[in-house]
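Right after this note come the structures.
Across the two complexes that follow, subunit A remains constant while its partner is subunit B and subsequently subunit C.
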Partner chain A sequence: MTIRQIFHLCASIGLVSLVLVSFNNCSEHKPIGSSLNSLGPATTIQSSSKEQYYSLQSGGQLAHSMASVTGVEITTGIVNEYNARKALMSDNYAITSMNAPMLVAITNLASQYCGELVNKESKLTAPQRRFFNDIDFTKGTAAHNSEKILKVTDKMATLMLGRKLEGEERQIFIDSYADFTATLTGGAATSNASTRALLLYNCSSILSSFDFVTI
Partner chain B sequence: MNTKRTVLYIIGFLAIILAPIHGAEASGIDAEVEAKRLLERLAATKVPADHPLIPKMKSEIEKGRWYPAADLAMTHPGFLNVTVKQMALKMSTREETIQQDFNDFAAFFVGLVRDDLDARQLLTGNFQYIGDASRAPAGVTIRSEYDTHIVRSNDHFRDMDRLNIDLSRMLVKKSGQMLLQTQTNSLIYNPDPAGVLTSRTFMMSQAAAGTNRRPVEYTFREFMCAPIETWADTSASDARIGRDIDRHPGGDHTKFQVSCKGCHTGMDGFRGAFAKWDIGNGFILNRDIQVNAQGVPQGGVSNKLNANSNVFAAGFVTTDNSFVNNAMGSANYTKFGWRSNSTSGYGVKDFAGMVANSKRFSECMVKRVFESVCRRELSIEDNLNFVKEHALKFEEKGYNIKSLYALVSVTPECVE
Partner chain C sequence: MKPGKKNLNLPLWAQTGHRRPTNRREFLAASSLSFSASLLLPQWAKLLLPSAEAATVCPSSSGSSMIPMVSVNLSGGAAMAANFVPMDQGGQPLPSYDVMGLGDGQVPLEMEFGNVPFAGQVNGVLISKFLQGLRERAPTALANTAFVGVCVRSRDDSNENMFSIGGLIAASGRNGALLPALGRRNGSLTGIGQASAVLSPTAPLIVSGMSSINGALGYAGAIGNTLNATQRAALAKTINRLSDAQSRRLASTSPVAATKSLVDCANKKNFDLASMTNTGVDPRQDATVAAALNSTWGISNATGDGTRELVFAAMTYNTLKGNAGAAAIELGGYDYHNNTRTTGDANDLVAGQTVGRILETAAIMQRPVFVYVTSDGAVSSTKSNDRNSVWVSDRGIAGASYILYYDPAGRRPTLGNQIGWFTSGQAAAENFVTGASPEQAAIAVFANYLKLNNSMNQFGKLVGRAFDTAKLSQVVKF
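Presenting the complex of A and B:
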């Protein structure tokens, strides 16, 4: 093969590669393990229900998940809340089993973990905190504008859900900030309790969101 | 060489140079996302985006090493404390639910997986797993008096059912299984140990009341993934069907022949294996270790095996713990894939060994693991190629359940 032929061959392979690489992102999402060649050709699993592709976490899973993402110690308060609510949680992973009492139970459990998280981080110096390093725990919401709270909430979402807040979610948190601060009267907005309550609210919202309770 | 061709050549060479860079970048981004997904799937737990296992798994995935990545994921405490525990709990009782207390069946399962033991020992092992109370977190009491809290109740295991207890640290393997000799109030080694089948939980659930057909039914249901209606066979011999089964239900012998008989040929053939077993007030009993007031061994079989003997007096009378395998018709023979020495035996241990060594047991484990980690149903019959392929790999890996989790969790089928 001459130098010219090799040149031709390489250029041709390159063009094919370019097409393949360039259009890769337009193809359907390639699932995990698709590069695993030792298992041979993929077969299609016959599932009885599409709904089960979203799996709802059981009570035990949620309790462990919440502990995992918040990194808080499991306190007696958390254990008691879990024991009181676990019968209401999913026992079959089916998304169709979700109901109102279950959502209330999940939110209550989330609030326990989030309460511990706020307590824990409020005792640390700002650089030591994982979630709330932009927050001044000695001050009320008056010292934390919507933008700052949104930034902290975005960080929570990133650490807890593995992604940033999306458009509609951001708007919900902006609206809820406005609603929350509008209810504060007298000196409540300058009391540090209001900051803790707002963080508790936002954290509990994330831990009881669809993205979090499914796996 | 014209200009057009030159441009094409340049683009072509640039593509060759840039393609690997593009690929690495793309796989780098995907690898992190995939690492988190794989970790969450195997640990059955959401993890923070900065979890320390993710970079290590990402590194393996970038090299195309999915199994080592899965192995790393299985070091997360959630794998044993949530994924395996919930799978085991669901198999442990008639209710088939994860909404129940931790128990000795689930402890056995979790311990066996942690210790990389041969999964067939789930059904044949002469040991158990209990908690080491000294490893409990400060302030947590695990009641551990063997007689009171393990043999006569579930207290020991219920105490371990706490969010802040890490089963991977707590469980210790204990040789032998102990049973109560009621007359002397002493503990005696189980003469017919068969892994989780002779656990307190399984027996209390399946041998309570009834006629000991249910332990057979649920062994097949849980470990062969074969509900009784799927292996009923009216063409098999009815010679082992007990005296308590009406041969003329509603005055119609045909109904027995075409309906009742189908389930009873299989169940009654096997149920002799459980003939020595019964339950007491919170504990399980084996006839062979019971003595009367004079210390004379009771022997024989549990009374319930021959209860209601006047329904059909010519039916089979159980006198020992022998059993025969009536699930040997062509359909069932293919379905279960029986291996050597599968025609008859004595006691639960023989029965369990026969089940554990069948092809179907391995296929059922594939189904169980798939459903546990991929969180959706898998019909063995509708996915035979997938199931058989992975069952074979499972056996080649020495029936190691962790390896099976690794195999199944990274298949495209698991996440499609």
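Presenting the complex of A and C:
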């Protein structure tokens, strides 16, 4: 057996355990064990290209995943939003079932979590915060330049996607900062509400993006 | 590793100059999740590989090319075989209909849809209130509508009759451009009080009011309260760009490229939706047909959000327009064996009016529509020669369902107007393939749907060997 084969075997075994443990919290459907049992002894398992493994998280999985990565409690508002939208979210994992109302539903649900996250962290002192320790919640976006917001967004990506923003994604958030601040008129940019809105915007973007909603 | 010297014993990530994979995506990229992922995803792994037939272009605003389908469930066990009058195996009247509420075998018949027999007139009054309702509400559509009655026994007062073909319709390609299938009953995958035949559909959008449809397409939640319209449009643009960048890796192989297109399409439409001031889902706002639809359904801009007629109008309109997949409408109150005929007649009239309005909506919009009317069980009357004897109990063995098909181009000819037959015992014949099984009857209905769509090639693929060729020829009437 080659080193590569040993590596693949170990990684596969390890990841089976890892995924079994980590997926338990977000599966609302059959327990993993039942899926494994349903394979039966004679099932042929085929290895194939990596692209096959993209699928959508179900609505329930998304709700649990969003709770997990944001660390916020599932409030009545979140439950109501989920109940109102769950019919629009995936329940069959098929990426081909993705449609615009589904994305709207996911974004609406994401925004509930993000709103709770912003509220929760705005009440903490900077060192106590997990996501937004660089943000001054008493000030508007005028006090938070693009670079600072990008740094915070990069941290959100790390905590939500498990990785930092990549080059193109960084540019997208630089552009979105410009788009968002361009909508602020009068004294809105100095109001602390604009900062909360921008954080909500970026957080909702990440939780609604392809990498978060797919498995 | 030295440049140009490839050591095949190294893992792929090392061979390609990357750092050790640490997260799920990176393990996928390093191909080390293949086996474990296959183990974990047995039931739905096939869903992850889009077929070549997967949509590669954004659906047009008119949605699928398959015929729109609206099902109407009369919950409780309606007297469907006392409106449409079922015949025996030879196409002749039964010796008696005296426990079916129609008296002896000399039932006066009223022909409609060409030559389909309905319970006719006594003293100038139509017995079939369903037909009366149809005629009231579909004054122009009936001329272009074909009708087939299906003789089928079903369980009384049960949600477990497998009459729903919503899953099959969706699998055949009838899906909405903006919305999923629409239903009325919370917690039901079929959207009504019927179980699925063969395939379960995905969860429908439950429509309790016009706001259910509008709300499905609009931003709400925290962003609805916090961001203004311009900011919401900018958010959709950001998500669109972000997902485009992240999903680009999907485009590396041909079948997956189709998925990439689909994801792009969803994101693009999401952006479009965020920018729209009118999503085009409210029939009252459609300048071309609003006046006629308002008149047909008795609705206006002042109609309350949850008013039944507005809900049904919106469900029908969006299905016909292609915004939504199939619509599953439900009417309650059909467990009406209360020792009168009054309640049953009143509710049959509502059923006929509702189906009539659906057909008339299709005529107004100049779209075809396939309407499938079901119930759970049926009723029996006191044994009497009275043509209007009262309903006294459940009697699911005398059940029926209906197919109605409106075609703007003209009424489609049929090979008979009845699937199966009734016996002299005044019950659906059990020895016919669809007579004793709601699911088989539903499959027969679906076969007719496919035939109307010139898509019989999908039949075997979707339902397997439910019927052989001989049986299929007995149940397909179009």
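Simple rule for what comes next: the second predicted complex is superposed on the first by the 164 of 215 C-alpha atoms of A that agree within 3 Å, B and C clash if a C-alpha of one lies under 4 Å from a C-alpha of the other, contacts with A are read in each partner's own complex, and residues count from 1 in each chain.
By definition in this document, a contact is a pair of C-beta atoms (placed from the backbone, for glycine too) under 8 Å apart; a residue touches a chain by one contact, two chains touch by 3 or more.
What you are looking at is a predicted structure, and each value in this text was computed from that prediction instead of being measured.
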### Contact breadth on subunit A, by residue count: subunit C or subunit B
C
### Touching partner for A:V79 - first (subunit B), second (subunit C), both, neither
first
### Query
Of the partners subunit B and subunit C, which touch A:G115 in the superposed model: first, second, both, neither?
second
### Message
After the superposition on A, what does A:M160 contact: first (subunit B), second (subunit C), both or neither?
### Response
first
### Query
Can A:S176 be said to touch subunit B (first), subunit C (second), both, or neither?
second
### Query
For A:Y93, is the partner it touches subunit B (first), subunit C (second), both, or none of the two (neither)?
both
### Query
A:H64 contacts which: subunit B (first), subunit C (second), both, neither?
first
### subunit C-contacting residues of subunit A that also contact subunit B
7, 11-13, 15, 32, 35-36, 39, 43, 45-49, 52-53, 55, 86-87, 91-93, 162
### Message
Help me check something: in the complex, which residues belonging to subunit A touch subunit C?
### Response
2-4, 7-8, 11-13, 15-16, 19-20, 23, 30, 32, 35-36, 38-39, 43, 45-55, 77, 81, 84-88, 90-105, 107-112, 114-115, 162-163, 166, 168-169, 172-173, 175-176, 179-180, 183, 193, 196-197, 200-201, 204-206, 208-211
### Message
Using the touch definition from the top, list the residues of subunit C that touch subunit A in their complex.
### Response
8-12, 23-25, 27-45, 47-50, 54-55, 178-180, 202-206, 215-224, 226-228, 230-231, 234-239, 241-243, 245-247, 249-250, 252-253, 256, 259, 262-263, 266-267, 269-270, 272-274
### subunit A residues touching subunit B - in the complex, by the definition given at the top
7, 10-15, 17-18, 21, 24-25, 31-36, 39-40, 42-49, 52-53, 55, 57-61, 63-69, 71, 73-74, 78-79, 82, 86-87, 89, 91-93, 158-160, 162, 212, 215
### Of subunit B, residues touching subunit A in the complex
8-9, 11-16, 18-19, 22-23, 26, 33-34, 36-38, 40-41, 44-51, 64, 66, 78, 81-82, 85-86, 97-99, 162-164, 375-379, 382-383, 385-386, 389, 407, 409-416
